[in-house]
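Two complexes come next, and they have one chain in common, chain A, joined by chain B in the first and chain C in the second.
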Partner chain A sequence: MTSEPTKTPTMIECHSCGAGAPLREHFCPQCTNILQLSRHGDYFSYFGLPRQLQLDPQELEKRFRDLSRQFHPDFFYNGPATLKLASLERSSYLNDAYRVLKNTAARAEYLLGLEGLSPLKAEATAASKVAVPASLLEEVFAFNEELDEIREARESGAPHGALVERLERARAPIVLKQDEHEHQVEALCAQWDADHSRATLEALRECLLERHYLTNLLATIDREAASLASA
Partner chain B sequence: MGKVVGIDLGTTNSLVAYVGEAGPVVIRDASGDALVPSIVSVADDNTFFVGREAQRRLLTAPARTVYSVKRFMGRGLSDVKDEAAHMPFAFAPGDGEALRIQLGSHALTPPEISAFVLRELKHRAEEHFREAGEFDFEVDRAVITVPAYFNDAQRTATRDAGRLAGLEVLRIINEPTAASLAYGLGSKDRGTVAVYDLGGGTFDISILKIEDGVFQVLATNGDTHLGGDDVDQLLVAHIAEALRAIGVAALSPEATQAVRKAAIQAKWDLSDQDSTEIRVEPAPGLPSGFRQAITRSDFEQLIQSLVERTLGPCRQALTDAGLKAADVDEVVLVGGSTRIPLVRRSVETLFGRKPHSDLNPDEVVALGAAVQADILVSGRREMLLLDVTPLSLGLETMGGVVSKIILRNSTIPTTGREMFTTAVDNQTAVDMHILQGERELASDCRSLARFRLRGIPPLPAGLARIEVVFQIDANGILSVSARELKTAVEQTIEVKPSYGLSDDEVEQMLIDSFEHAEADFDARLLIEARNEAESVVNATEKSLRLPEFPQVAAEELQPGEQAAIEAALADLKASLLAIDRAVIQERTLALNHATQHLAEVVMNRTVKAALSGKNVSEV
Partner chain C sequence: MAYSDKVIDHYENPRNVGSLSKEDANVGTGLVGAPECGDVMKLQVKVNPVTGVIDDAKFKTFGCGSAIASSSLATEWLKGKTVEEALAIKNTDIVEELALPPVKIHCSVLAEDAIKAAIADYKAKQEKGEPALAGAQPHA
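Right, the complex of A and B next:
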């Protein structure tokens, strides 16, 4: 899925008065009405933020509240249909943008897409079908072996309490690895903000993929534990 | 433009409120009662009764009286099979999934039944504004609340009910969020609040962050089939067991209602007493004067597991909000069932702090709905409510697996996008199945609708690129649009809701309801005649009970006058049991006439007493 080759416009036409407004504006500088949502632009510029991976969560939240107060459909209830629609679309985009930007990993993934790297989504959603990342081979191998044994023991009627404990023990190194990746993602984000280099982005992408793999593995463990608990 | 109100359309009771000059107020009837029981009943002559009037008929005409209809909103016949067995009213044999309730000769959908309750509230509010001397007293717009955990079909059904009642539904908002608006009113509060809302039929938990007047819901969870009704049901089963022990095997509908009434009274008693006696009123097939003692600890044992069922959703909501119980600054209780001491204790234990219940838990949701209605029409910006969608939205893909497009607890409004293409050359339509829920298989989620995307330009297979946009608006209601990106052709989408009504069906019902308007008007006149009669009865009984009455009677009444008053009173009371408006009005007049002299006498004595001992200049 590649994006179509389009020249990215920098202005948007105000549907209320016909004047042109820069893309980063939310309200027409001429007539002050809310502008319809452009199909161009990105989450960072929408919040008036530079394309940086480190950001102050409190500042982000404050901007989110301020923009919500400007766009929300509640405040356009009596307005004409075009402005109502613009407010709905701008609020939706704002909420979607905030959801992505407030989470470090989601923010980094989003930036990869903006910078033209292929998205992680398709690969990440089906962990079982994806090759184990090389750096995780050791942990994953050990874990899978343990999981198989736990399942076997369960089949042969071992007490569930003991199995749950075993599962918890098997979980610990994965959680540790996950924490490592959190730190690594943060470090790479800081590095990208400093060097804006392609190599850093590639490394970040690799790290995020591994992190996804671990997240899915932990979800598998949770399901296993839940089925033990409910059995 | 007419008036705007906020409505809490509850499982057991409904209320209407508005924002006046002094802030939000709940509208009460002449006797000061704010609650309209969410009950609808129909008489043999097709007269409809709503509220208290219908509630009285629960005991006398159970098969023609519908309660707790909210539990059936937006649901299909197959969903409610188990529950339907407990209900004394019947479900119409339906075509497919559409659910209809048999009310006399009418087979009505849950939105149509709810519309009766909404019309009653609309009328109550209009009367209030008219009496207040407002020139434009018509109520034409409303914010209506729903449980936070209601899915799209249930929200849409509620909006349809509003339209059927002649209201423009400005917004559907979530009950716990509405409650937080009422609580946060005028304060400069900030912090994290958990709203625990256990009503008649539904349970919600919402975790909010409040700052700068923005009420942002972080996470919500709940159970749309858990509430006071279930508590009643457990007590009914408990009583039925005791009845079986003395040889009463099956309960008639009348007996079931008598038992249910006794169960509800016992539940109320046990909120402030350690023990009580269940007293069942006489009904066909019951031993007369059946009584059974019950202690609070018996009761708590009975409902323990039910109360525990609310704690799982609370923990899940905290997890989804990324918080621990200790991070919550305040806990607010909403809904009548939070009066149960065990519920309060359980909530206090879970969150480790004493919950708030400063505002009346029955009224706080309607007050919040009124505040939101006022925000919408006034454009005031001091407060803003940002809610979330309670359930994930997805599409069925290969092998019946759901691919999630919008995740639960996403702030609304929100959008989700999905790209589609064609599988064969010149294909011009694509089918989709949209679902709501957290499970991975389509069969375990709620089916919302099936769509057919039409008008795709004929292209070789795989070349068309259709972008489908799922928009959840600020009501939490979904709409879908699509366009082919290569040609920018907008697609038309045919929606077949899985459980709800189509727009055409709602239109038809609106037309039908105008045709029924005359019958509705008659019902209204009857209710008004009864209310009038009841107030005359009350006033008369009050005079007869006055301590000075025997003296008044001896000194000032004609011989036989007291007997005449008592006879007229008994006649009028007897007529209230029937539904003949002319008779009620005639006897009301007769009683008024019989008591006229007495009223004058009492008035004169009062005035004399007030003036005695005062000199002329003071008068």
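Right, the complex of A and C next:
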């Protein structure tokens, strides 16, 4: 695992008894009270997991359930305000962390951010351009053109039955490609766990970006299918 | 965030939508994409081999309103320009003309990339020396 930068604190002060507690703890080892949520640390350490991209979903779920029970605001209902707040904050952070970590792509995107790679947001494009393979662009363009033609045919009153069939024919290769991408992402995740190399992360970032095209295309197909079904 | 009137105008009445023949030696094609938002943009120029002036420009963009407007505006500007003048078009000119907000600046970058890609494709074709254009030289 990559080492943490030295300036990041590793201890948190317990607001109940003033003792120092390691960041990975949720409850003070001295007084056993719930600790306020630290601004440091990440989703992986919160679950007591190493910063790895492959994880056992059952193990993650088990930890999620255990922690949700321990943090549950009901237990702190009559307690001091600081503990009530800590329980709320820890519960809500836990939910966010679980939502991200349980999804392969979201987990990988999150890790890219932790490792200092630019986010996958549109605004970042100008600063950090990724070269999309020309062959993929051509395919995406052709897929888009086909969908455009289907939409135009629908708008000019072509019989819907044939268009639905044509739309499903267009969907099949995209779904296939998405599956391919899924495997590629999984392979790169395994590779990162093994080598923790920057090059692997960058390949992963490109792969995740390319997925946006496929996700967009499938969303367009779903919209078109809905229009065909409703009219 | 609201689109400017100019963006809306280009979006609703895009200029020069369509395709030119990719096989034509005088046509340069640029296909670029912004994977962050799933946009793809195709921009083509048809250059007069004698004068080096862009006679025609076409585009087809699958993307947001700003991406469509940026490429539509780019084709308008390209017509009548020489290849070298076309290369001088900057994304900031597009941003200014369309009053694009900061979050949409990448759409103008995409349009500039598309212009550069189309002209690079045209020049590459010329250098290959298409027989039909044996007399035409790339314009420096």
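Note that the second predicted complex is superposed on the first by the 208 of 231 C-alpha atoms of A that agree within 3 Å, B and C clash if a C-alpha of one lies under 4 Å from a C-alpha of the other, contacts with A are read in each partner's own complex, and residues count from 1 in each chain.
Here is the rule we use: contacts are C-beta pairs under 8 Å (C-beta built on N, C-alpha and C of every residue); 3 or more make two chains touch, one makes a residue touch a chain.
Since we're looking at a predicted model, the values are computed, not measured.
Once the two complexes are laid over each other on the shared chain, residue contacts for A:Ser156 go to neither chain B nor chain C.
Within the superposed three-chain model, A:Ser68 lies in touch with chain B and out of touch with chain C [touch as defined at top].
Using the contact criterion defined above for the overlaid structures, shared-chain residue A:Gln58 touches neither chain B nor chain C, since it reaches no partner. Looking at the complex, you find that chain A touches chain B at residues 1, 4, 65, 68-69, 72-75, 77-78, 88-89, 91-93, 95-96, 98-99. Here chain B touches chain A in the complex through residues 170-171, 211-212, 214, 216, 375-377, 379, 381, 384-386, 410-415, 419, 471, 473-474, 485, going by the rule given at the top. Residues of chain C that touch chain A in their complex: 31-38, 40, 42, 60, 62, 102-103, 105-106, 109-110. By the touch criterion given at the top, residues 120-126, 130, 132, 134, 137-138, 140-141, 144-145, 148, 209-210, 212-213, 215-217 of chain A touch chain C in their complex.
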